[in-house]
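As written, the chains take the letters A, B and C, and residue 1 is the first residue of each chain.
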Amino acid sequence: MVAAVFHHPPAEAAAPRTDVRPVPAKAAVALAVPAAPPAPKPPFDWRGLWLAVLPPVLGLALLVGVWALLTMNSTTFPTPAATFDAAVKLFADPFYSKGPNDQGIGWNVLFSLQRVAVGFGLAALVGIPLGFVLGRFTFLARMINPLVSLLRPVSPLAWLPIGLLVFKAANPAAIWTIFICSIWPMIINTAVGVQRVPEDYLNVAKVLNLSEWKVITKILFPAVLPYMLTGVRLSVGTAWLVIVAAEMLTGGVGIGFWVWDEWNNLNVKHIIVAIFVIGIVGLLLEQLLVSIAKRFSYDD
Amino acid sequence: MNAVVAAAAQSKTFIKATEFWLPSSDRTLLEFGGGLYAPGARMASISREMCFGRGEGLPGRAWDSGAPVVLHAFDNSYFKRTVAAHADGLTCGIAMPIFAGDYLVSVVVFFCGDDEAHAGAIEVWKNDPASKDLTLDDGHYGRTGDTFEFISRRTSFRAGTGLPGLAWAQKEPVFLPDLGRGAGFLRADSAVKVGINRGFAVPCSTPGPQQYVLAFLSALGTPIARRVEIWRPDFGDRALTLRDGFCEVTGLLSDTGTPLDPGQGSIGRCWLSGLPVASKDLSREPGTAARVHGLSALVVLPVLDAGRFVAAVALYF
Amino acid sequence: MTTDYIKVENAEMVFETKKGSFHALREINLSIAQGEFVTLIGHSGCGKSTLLNLIAGLLKPTSGVLLCDRREINAPGPERAVVFQNHSLLPWLSCAENVHLAVERVFGAKENAAQLKARTQAALELVGMGHATGKRPHEISGGMKQRVGIARALAMEPKVLLMDEPFGALDALTRARLQDELLKIVARTKSTTVMVTHDVDEAVLLSDRIVMMTNGPAATIGELLRVDLARPRDRVELAEDRAYVHYRKAVLDFLYTRQGHVEKAAA
């Protein structure tokens, strides 16, 4: 999935295009409506394709146009053209490594994603079972829910200093921040999902006299899965957002750090490229989870 | 007499004759206590002279068994007055014993005749203490078609539901003016639209664990009686008040009329004595019934519960 | 043939809700014979589903006792299989897997996989769904889903089959077809069945006895009617049968007229 970003460089989207090929344009366009290609039944639905692809492309062209207009005479803010050149240079060699603080954009994105993955994975490992337990046992739910409500609105970045204090290093602290911000939707959604398991299914379990294990694996888990995945989806967006901010604060490696570093170098072009990259990766993460959710849903 | 009254006077009743029997002073025999028969009825003349031992004849049977008895056919049965009954056009008898505890107070016998135009039913419902169901023990059905009997024989009531179920639960007579069983054709070819529409049920006080309820069901063409009244003692047991009833001439009866003192009129006498009373002279009766045209006779039945007087049911013919 | 196969003795059911207590059932006494098909009928809110749930063991009575085969009913179990009103098939399992879940639970300890599979297939064929075993519930119609629900219940070879308005959510034609099939199935399996329904025709067509419940709250059994129609019953023939018409009318009388009278008289 990450590779997809580099097969279809976002730079292509920076220049307005009238003659577009469906896949790259869609992958690159941050504003694109995720329209699937029409069903492969003859005749091919060119018109539908046009209608799906043309508006987002026009939107992007408009953005670029306004951008160009505004920066025509600016000295500080780069023009689209200049940004495009910078992007090309960057993506020419995305995986270079000249030392721990000077890595290619590819590596930076991967580092960030790795941290998200770890933090996220830990949040899932802790949050989902906890959500199950809270959904099933009301006493525990009454115990823990106030805590959740209290801690949830706290900005993840406020947790960062605590992470730094405890772990004394940037990487674990960032992961901790991801963990603490993505765990809440997972707990809450899973708990809700468990509570919302239709009474009928539980009655079936009772009449069949299923063992607790069977109830969990055959009934609760599949019933809760859609809710769980929604929780995961919500968390992913936040996690990706937070990692960029956390990295700005902690430094080291990662796309967030790179943005801050380029700001220190006053390399605005790179910052703009970074914005696009961050947006695209976020979009792709979201799309991935949507497709997973679809795979596990069952229309009733 | 206006047309309605005249028409009401012409229509027949399902119960064609009523009589009651009282134990003799030595309590070995049942002696004639009184009755209402059609004018010139043979049964009237011969019944006055008769008496029955325990288990003998229809009244004796009811006494002996301690339960209501329905006799569908008089021929070749234990009935002692077959010839007279047939002469009067009577074909079925229902005997209802009234006990105060184990002590027999009276046996009341209703007679019906299977005339073609007669519709209605008298049913005996019973409960075995082991079950909670009130089921049909037996019944006499006029020409209402098979519907009624067919369903009744397969129905059980629980306490408080249905006409017999209500009487059973409340342990007092119940009158329902509109049973809502709808209209059914009596005989399609004669195109006379009749159906069971009204009814009253009387709990029988009998010894033994089984409980019985007698249900009397009227049809449009042939009411059970021309007028039915249910009287109950008021709160202090000082007077008897009319609670429910129906008159074929005037319609539904409500809480009207002056209450009766003990011993006042036939109904008051029934209350006082706890025995059935029959009268052919309504002019001596207090109350509105006496003034309604077309009524000529009255029989009053006491309803007891564990020996205590609970209500009086007055049937006018 | 025991006449007290299912026995309900003076059962009462009071629900404690936030708004206070709700007296759902009062003084329920009922005996059901083995192999008998009994229908519970009454207006909405008369507690017929509550009574069924009590017999299933999904509810415990506030007072009173329920017995099945002389043993007290104190928990739900596969020997009192339930067919729910909305099929309750697990949507993430195929039809066969849904039935297999039940079969495995009941017979898994003693039989091998092949035997369990055979039972599953037999149950689905019994309800005419042998061809669609691999389909998911969302791929089949409402009537078919209900059939699978019945197959799942029957596959457990229960002592008692409990059905809570199983055909209520279906259109009239499908309902008629499933009723006919149920007649055949019950004739074959001879199971003791208790069914809750709103439908008078369904009650008369299927039952050996109809239990008519009074209106809630504190509903109780009002009348019981023994349906003496010969089996096998054919709906087309019965439509003109006088006895069928009388039965139907008796139930309608209870539901739509007598209840009104009892209330008037009690008032």
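Operating definition for what follows: a residue touches a chain if its C-beta (ideal position, glycine included) is under 8 Å from a C-beta of that chain, and two chains touch if they have at least 3 such contacts.
A quick note: this is a predicted structure, and the numbers were derived from the prediction, not measured.
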Most remote chain, CA-based centroid, reference being chain B: A
Most centrally placed chain, judged by C-alpha centres: C
Chain A and chain C, separation of their C-alpha mean positions in angstrom: 50
Centroid distance [mean C-alpha coordinates] between chain B and chain A, Å: 88
CA centroid of chain B to CA centroid of chain C, Å: 42
Contact footprint of chain A on chain C as seen in their complex: 56, 58, 75-78, 80-82, 84, 86, 88, 90-93, 101-102, 105, 136-138, 156
Partner chain B, residues of chain C touching it in the complex: 29, 31, 214, 220-228, 242-243, 246-247, 249-250, 253, 256-258, 260-262, 265
Residues on chain A engaged by chain C in the complex (per definition of touch): 198, 200-201, 203-204, 206-210, 214, 218-219, 222-223, 298-300
Footprint of chain C on chain B - complex, ascending: 131-133, 146-147, 150-151, 154-158, 160-162, 165-166, 174, 176, 178-182
